[in-house]
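By letter and in written order, the chains are A, B, C, D, E and F; residue numbering begins at 1 in each of them.
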Amino acid sequence: MRQIWKNGEILPETEGKLSIYDSALLFGDMVFEMCRSFKGKHFKLRDHLERLYRSIKHVRIPLEMTIDQMEDACHEVTRANKFEPDDEHRLMINVSRGTLPIYRDTGDLGSNVIISDFPLRWTTAGMGKLFDTGINCVIPSQRQIPAHLLDPKVKNRSRMHYLMANIEVAQTKGENNWPLLLDQDGFITEGTGCNFFIIDQDSWVVTPEGRNVLRGVSRDFVCDLTECWKEQNIEPYDVYDAREAFVTGTPFCMLPVTSLNGVKIGDGKPGPIFTEALREWGKMVGVDIKAQIQAWDKGSVEGPSPYKF
Amino acid sequence: MRQIWKNGEILPETEGKLSIYDSALLFGDMVFEMCRSFKGKHFKLRDHLERLYRSIKHVRIPLEMTIDQMEDACHEVTRANKFEPDDEHRLMINVSRGTLPIYRDTGDLGSNVIISDFPLRWTTAGMGKLFDTGINCVIPSQRQIPAHLLDPKVKNRSRMHYLMANIEVAQTKGENNWPLLLDQDGFITEGTGCNFFIIDQDSWVVTPEGRNVLRGVSRDFVCDLTECWKEQNIEPYDVYDAREAFVTGTPFCMLPVTSLNGVKIGDGKPGPIFTEALREWGKMVGVDIKAQIQAWDKGSVEGPSPYKF
Amino acid sequence: MRQIWKNGEILPETEGKLSIYDSALLFGDMVFEMCRSFKGKHFKLRDHLERLYRSIKHVRIPLEMTIDQMEDACHEVTRANKFEPDDEHRLMINVSRGTLPIYRDTGDLGSNVIISDFPLRWTTAGMGKLFDTGINCVIPSQRQIPAHLLDPKVKNRSRMHYLMANIEVAQTKGENNWPLLLDQDGFITEGTGCNFFIIDQDSWVVTPEGRNVLRGVSRDFVCDLTECWKEQNIEPYDVYDAREAFVTGTPFCMLPVTSLNGVKIGDGKPGPIFTEALREWGKMVGVDIKAQIQAWDKGSVEGPSPYKF
Amino acid sequence: MRQIWKNGEILPETEGKLSIYDSALLFGDMVFEMCRSFKGKHFKLRDHLERLYRSIKHVRIPLEMTIDQMEDACHEVTRANKFEPDDEHRLMINVSRGTLPIYRDTGDLGSNVIISDFPLRWTTAGMGKLFDTGINCVIPSQRQIPAHLLDPKVKNRSRMHYLMANIEVAQTKGENNWPLLLDQDGFITEGTGCNFFIIDQDSWVVTPEGRNVLRGVSRDFVCDLTECWKEQNIEPYDVYDAREAFVTGTPFCMLPVTSLNGVKIGDGKPGPIFTEALREWGKMVGVDIKAQIQAWDKGSVEGPSPYKF
Amino acid sequence: MRQIWKNGEILPETEGKLSIYDSALLFGDMVFEMCRSFKGKHFKLRDHLERLYRSIKHVRIPLEMTIDQMEDACHEVTRANKFEPDDEHRLMINVSRGTLPIYRDTGDLGSNVIISDFPLRWTTAGMGKLFDTGINCVIPSQRQIPAHLLDPKVKNRSRMHYLMANIEVAQTKGENNWPLLLDQDGFITEGTGCNFFIIDQDSWVVTPEGRNVLRGVSRDFVCDLTECWKEQNIEPYDVYDAREAFVTGTPFCMLPVTSLNGVKIGDGKPGPIFTEALREWGKMVGVDIKAQIQAWDKGSVEGPSPYKF
Amino acid sequence: MRQIWKNGEILPETEGKLSIYDSALLFGDMVFEMCRSFKGKHFKLRDHLERLYRSIKHVRIPLEMTIDQMEDACHEVTRANKFEPDDEHRLMINVSRGTLPIYRDTGDLGSNVIISDFPLRWTTAGMGKLFDTGINCVIPSQRQIPAHLLDPKVKNRSRMHYLMANIEVAQTKGENNWPLLLDQDGFITEGTGCNFFIIDQDSWVVTPEGRNVLRGVSRDFVCDLTECWKEQNIEPYDVYDAREAFVTGTPFCMLPVTSLNGVKIGDGKPGPIFTEALREWGKMVGVDIKAQIQAWDKGSVEGPSPYKF
């Protein structure tokens, strides 16, 4: 049985629940982070936690727990779980404001922190082949909510619109379709759980300005891997004209994007800059990222949908 | 101990929980309704349920339960709870898509329905005096999310922006401040949990077009009470020039709005049309609405904040 | 061989061409109308021509031909063509500004008017079954261009965005998918060649305000057929909640819309108000509209795409 | 008689026509390029063709012809035409999707490619003096269509709004008025057939970001000519405060802009950076650009309008 | 010497000044009204004053003077001025917040009220002929500021954008050009000092919704004169298709609009509904409005510009 | 008695008035500058005057006075005033278009220039403590007017919206609240009289792009003081994550911003980069800026409001 950390205690995973009177369920009022390990060691955990604390500050949850205590709790729950030797840990850290005061008769007030830990392979199921085929990004009619109305830089749980985009794109013909959201100006923002990059004709690695997107930890890491990168507004025209494209996300690190709306990008295959960056990343963490995910896929049932966060 | 209805069973209220792997907590992906009784009899329950099923359809939760079964469940949970004789029932019906498939190891798949029942007085605590003083609506910088990005007509749980508006308005000087959201065109939409009305200089009862608002059951009921009402875009200018203003919401039915941003509306007191409509409403349901809420307030502690939904 | 009318002459259809130096091909600078006959008699021809002259006025083509002369020309070309007895005439009237002055060496200056005439069945091929199944409207990411930038009320040939919408929707799973465009506010505008209607829960026939749409001749005619109709902003939410929906267009008159984005409208079948209106229309023009189109479909090859204007 | 290249054949210019059933005339669905020669040698032809193929890809015309074949065809038609010794060639390459399938009875299906060739002096008639006087840019009420609705980076024929801007600006008092379009944010985009530049107070050559503009071949060339250039949002305020301004376009290369809305830029005369860049350009192609155009103007009738594309 | 009323005193007109330290000059922070007499009797004075007090309330000037005192002051200053027998009175009532507190050393604090009175003919100079020729409304690139940023329903002095529109339209060819502002949606709002009306094809008198316009006293009066009027969004397309158009404004009451952007409306002459309404108006106030203004024009110098407020 | 310069004459300050018939009072049609001295010597006077002349050019006031004459006038009025030895001069230069021609009977036509001079301490009253406490920036619902509707880069007097923002923020709880305006995209623009800066996590000094803001003289000066600065779009998220923040304005030079909407920035105290820059500034002008302002505050009454321009 997997264990979770909840408000200071190690508990069975089945205790990973929140009351319907919690602000998290009443308002989508919860911030969170998800991270992963390489060879069992958490990757960029501190970066994730710093972003978590920025989210907490932004939505003004009066949390008393310090970032160091949070980091300790992450390690504690990781130690409490014994996975298969070839597994990696995936942590999900949820912080809610807690029961709304008017419902105080139903339970204690105060923020709730739940850290759960489960095998990373859950969230990469069926993705192995995508390293070879690439994904097809599809622009749905659902647009990104602008940051001044609901800020995607604050990693929060009011994200119904991401789910609606997922449902919409599931209606598209073909395989390996992932939604890619435009903002109100027609600029590309992000996938519903990943950041987007192109390599332009001058070999610059370009990603949308950090405005209507989550400023991803993997996004930052990939930028550090390359010499020439920049943030810039990107339009579909730029993608059609790009040499390569890819997305980044914590569970899979990087995946090639080989077409947009069914139109090939470059030669329609994973490109050399993507391939080199992924290789480099793997080298730095001591894991062949693609091989690991493809190995997990062997003998397992296909995941139910391509977007899984 | 209060009882809830959950996926077919009557259970103690403490079972009113959802897993952190439920789409409700992952995406704010839950639709809901809240209703109330008068003298123990549910008011407009069917109307609430019809709106619930519209929400379910819109977000495409594949629920097998019919609306008739849902109505039966509501009555069942109501019967299971014994409140003080002077209490009224407040039902909260939550419908989630359930555990996301990639987390299927943590629990069963399939939608979750939870109907809870608690004393209405929880949600009206501290409101008694407002029938006499009126509330001061305050326009925060947080704007309503437009319906084509996240539809407020679908009563869903991705409503972090409502909470942010509440927090912002809590910084305003004075008492009895309730947020009133503008849309991107500067039109008034709704409070964070209530519909807004003015009575204009020609004695028309006017409420914003049913676009960037929840189309409230109380909103409809009040319109039926009056002879001359219309939907129309309303701007702050129109409010300053109105004779009266009020809000509607299920728990309190109607409350007078006596100022906007601190500027008096009319003579700054609850107006005759409001008063008459509330009286009429009370007559139809056999309850003196204002007296009931004011009676509950006596001897109780003040509620923690003026917005309680 | 079919004949056309071109600048005063009856010519073979192969002469229905315009120079690449014509403003029509340089700027998409051409206005047009398309109409149809019932039992060989043109339907609402004058209404179409009046709209044509409004378009000409709006884009300021200095045409000397009067509307009466235009009407005569329409009749002249109709007489010049002999179709199968069960055919109907379809006229396409194109008016361009003519060769741009700087290209005057390549041909004469002055506006060009071409009226062509062909069997209506071309444009209804494969539509017969849709009267029974209904169409599935699909909202693409391509939005309508707002009228103040390029006015759809002016029936003109700069409509690349309609074609892009068609291409996009062709990528959707399932059959009978027709694009339905939203405007920048998220209001439904029109299909790429048809007007959209719903019947709401109060049995009103509702169509979008005549703003970001072509004000269709069939649209007007259907409104005249019903007692209770109104123009109003319509959102997807309203469609999901409608009893029925349909589109109107000159070639097919009316077609039922039985789903939006794959979600059933009403019971997912052509509704009684649609059926009655179509029957009524047929009675007024002496043609069983559905039967005629279905008869044409028998024995013919399926049309290449569902949108054919 | 001038010759054109059409779908593989050299034909008289009078065959440069398209059917009214071609998607080009039905939807403004045609992409194109125009280039010019210096001393009879095509300038940047390959760059134009690469942009053409990006346009084709974007609008998904299934063209089988390769870019090399296209280049050969351009040379072929050039050889087929004998102009005056002092003339330059102007090529116009049009690519349409061809007859819409429902009209297949009227002609063959498949894309149409027409390359025409004519004396450049047609498109520069009357411009000679502008090298000395400069042009007055005028901002019309017609705004640029944003790229996510109709992308100006795709050089296409749905450009009625450019013609409407031309008509509007023709109503302005004074001479040498050229339209300059703002986008919805009030940023300067482009003229209706030219790119816009300023030289700011720090001597940077600045041109609008490549978003709501055609990314012009001349635009790129001029940037390469200067050491300090950048893309940046430009507002009218910046123009009024600029030292110089100019436009670029294939036929005339560069023209000075000496006022905006009648307000002088700098000292109201062509500036030194413009003058030097034009001189440099001429040196690189072996032609005195200004002298050539002014020579053509002598003895010819004045062109009918200042904007000629 | 003309007299004014200033803060309770009758003073010579030369005292009609405000300090540069007054909020009126520092922030454009002054609200105002202008009215006129017929045969020396003020027309709708109370309506103007009620609007003035709405403006005062909106911008929160803490004025102690009551509306009745304001009305008395208007009559007092009118009595103090002796004009030619054929003159009419024009009152201008300005209310400022007064000297900003940090400048209190330069003068007294507290609001300033100045009522001036001068011959109406000043503001109608040169307009006489327009009753016969009509005006040409011109849409400038300057758009109306939306009401949620600066409300035109509050008649205030921050109206630099109106002046900029006037300057822009003065650059248009032809005569009798008056600016007509679009809002951000492309809807017609108002002239820079007048309200706009059309008579549509069904003979309805239509004026823009009272949103981004001053809700004019003359506007209301004209609506009362006609049986069939409505507020509705109006686009240029609607104007080109209208039977008639006109503007209303206090000094001239009504003027025919015979073209928009140089395109004729109807037959390009003042229409029968306009003519009848003006006649009716004149009858009700006992003045031949057109004749009076034309008489003033005779022998006087032409006014310097067509817009005079 | 203080003296002013008005249209060429030195006059008592009480003559610093403009007629109600001046375009400045009719349209908010006046441009201006305000500057200050250090040790009696004007600081960046020429920069202010150059911006003034850009404003004059933009709004097209036909002023004949040259910038050199304007500079002389500034010095002349400064010499005419004798202040306390510890005072600094504050100049306010107003340029209006003058009496509107239709009101020419009330006074002379032609532009009016008024330069007034008063002790700087007026405008810094009560600010001394803010150097230690910092200010709390508050985002009101009032948004900045976009530059294409009314350009804040043109320092003009149509700024009612700034005053409305001031009034709105005065309703916020707590002390030292200053308004900070967002634009329509949710980007931070400026305070109502100051420019805004953050120091980001990489120690860059960042200020909003020079688009919807006054391009402040102090803003430029501070940028010159630091090595690493850039213009960039800034959102509230960026401010919450900043190390420091501050505002710049002519009278106080720089003030620390220690919180936004009540949420601490950094450690909630004036930061080292701010402190060093202010010290550096003081060194360059030979004045301890903070000490000077704090000295003025001692023994004086508190200023009436925190925003004083």
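Just so it is clear, contacts are C-beta pairs under 8 Å (C-beta built on N, C-alpha and C of every residue); 3 or more make two chains touch, one makes a residue touch a chain.
All of these numbers come straight from a predicted model, not from anything done at the bench.
Visitor: Which chains does subunit C share as contact partners with subunit F?
Guide: The shared contacts of subunit C and subunit F, listed by label, come to A, B, D, E.
Visitor: For the interface formed by D-F, which of the candidate pairs A-B, B-F or B-C is equivalent, sharing more than half of the contact pairs by residue number?
Guide: So the equivalent interface, with over half the same contact pairs, is B-C.
Visitor: Once the Cα atoms of subunit B and subunit F are superposed, what angle does the rotation have, between 0 and 180 degrees and to the nearest 5?
Guide: For the C-alpha superposition of subunit B onto subunit F, the angle is 180 degrees.
Visitor: Once you count every C-beta pair in contact for both, which comes out on top, B-C or C-D?
Guide: Of the two interfaces, B-C and C-D, more C-beta pairs touch across C-D.
Visitor: Let me check something: if the centre of a chain is the mean of its CA atoms, which chain is farthest from subunit D?
Guide: Looking at centroid distances, B is the chain farthest away.
Visitor: Which is it for copies subunit A and subunit B: same residues on both faces, with over half shared, or different residues?
Guide: Same-residue interface.
Visitor: Taking each chain's centre as its mean C-alpha position, how far apart are subunit E and subunit F in Å?
Guide: 33
Visitor: Measuring centre to centre with CA averages, how many angstrom lie between subunit A and subunit D?
Guide: Their C-alpha centroids are separated by 44 Å.
Visitor: Scan subunit F for residues touching two or more other chains and write them down.
Guide: Only 60, 148-149, 182 qualify.
Visitor: Pairs of chains that touch, anyone?
Guide: Once each pair is checked, the touching ones are A-B, A-C, A-D, A-F, B-C, B-E, B-F, C-D, C-E, D-E, D-F, E-F.
Visitor: Using the touch definition up top, name the residues of subunit C that touch subunit B in the complex.
Guide: Residue list for subunit C touching subunit B: 182, 185-186, 233, 235-237, 240-241, 263.
Visitor: For the complex, give me every residue of subunit D touching subunit C.
Guide: Per the stated touch rule, the residues are 2, 13-14, 16-21, 23-30, 59-60, 92, 94, 100-103, 105-107, 114, 116, 118, 122-123, 125, 142-145, 148-150, 156-164, 167, 303-305, 308-309.
Visitor: Going by the contact rule at the top, pick out the subunit F residues touching subunit D in the complex.
Guide: 54, 57-58, 60, 146-149, 151, 153-154, 209, 211
Visitor: If you look only at subunit D, which of its residues touch subunit E in the complex?
Guide: Contact set of subunit D toward subunit E: 138-141, 168, 171-174, 182, 261-262.
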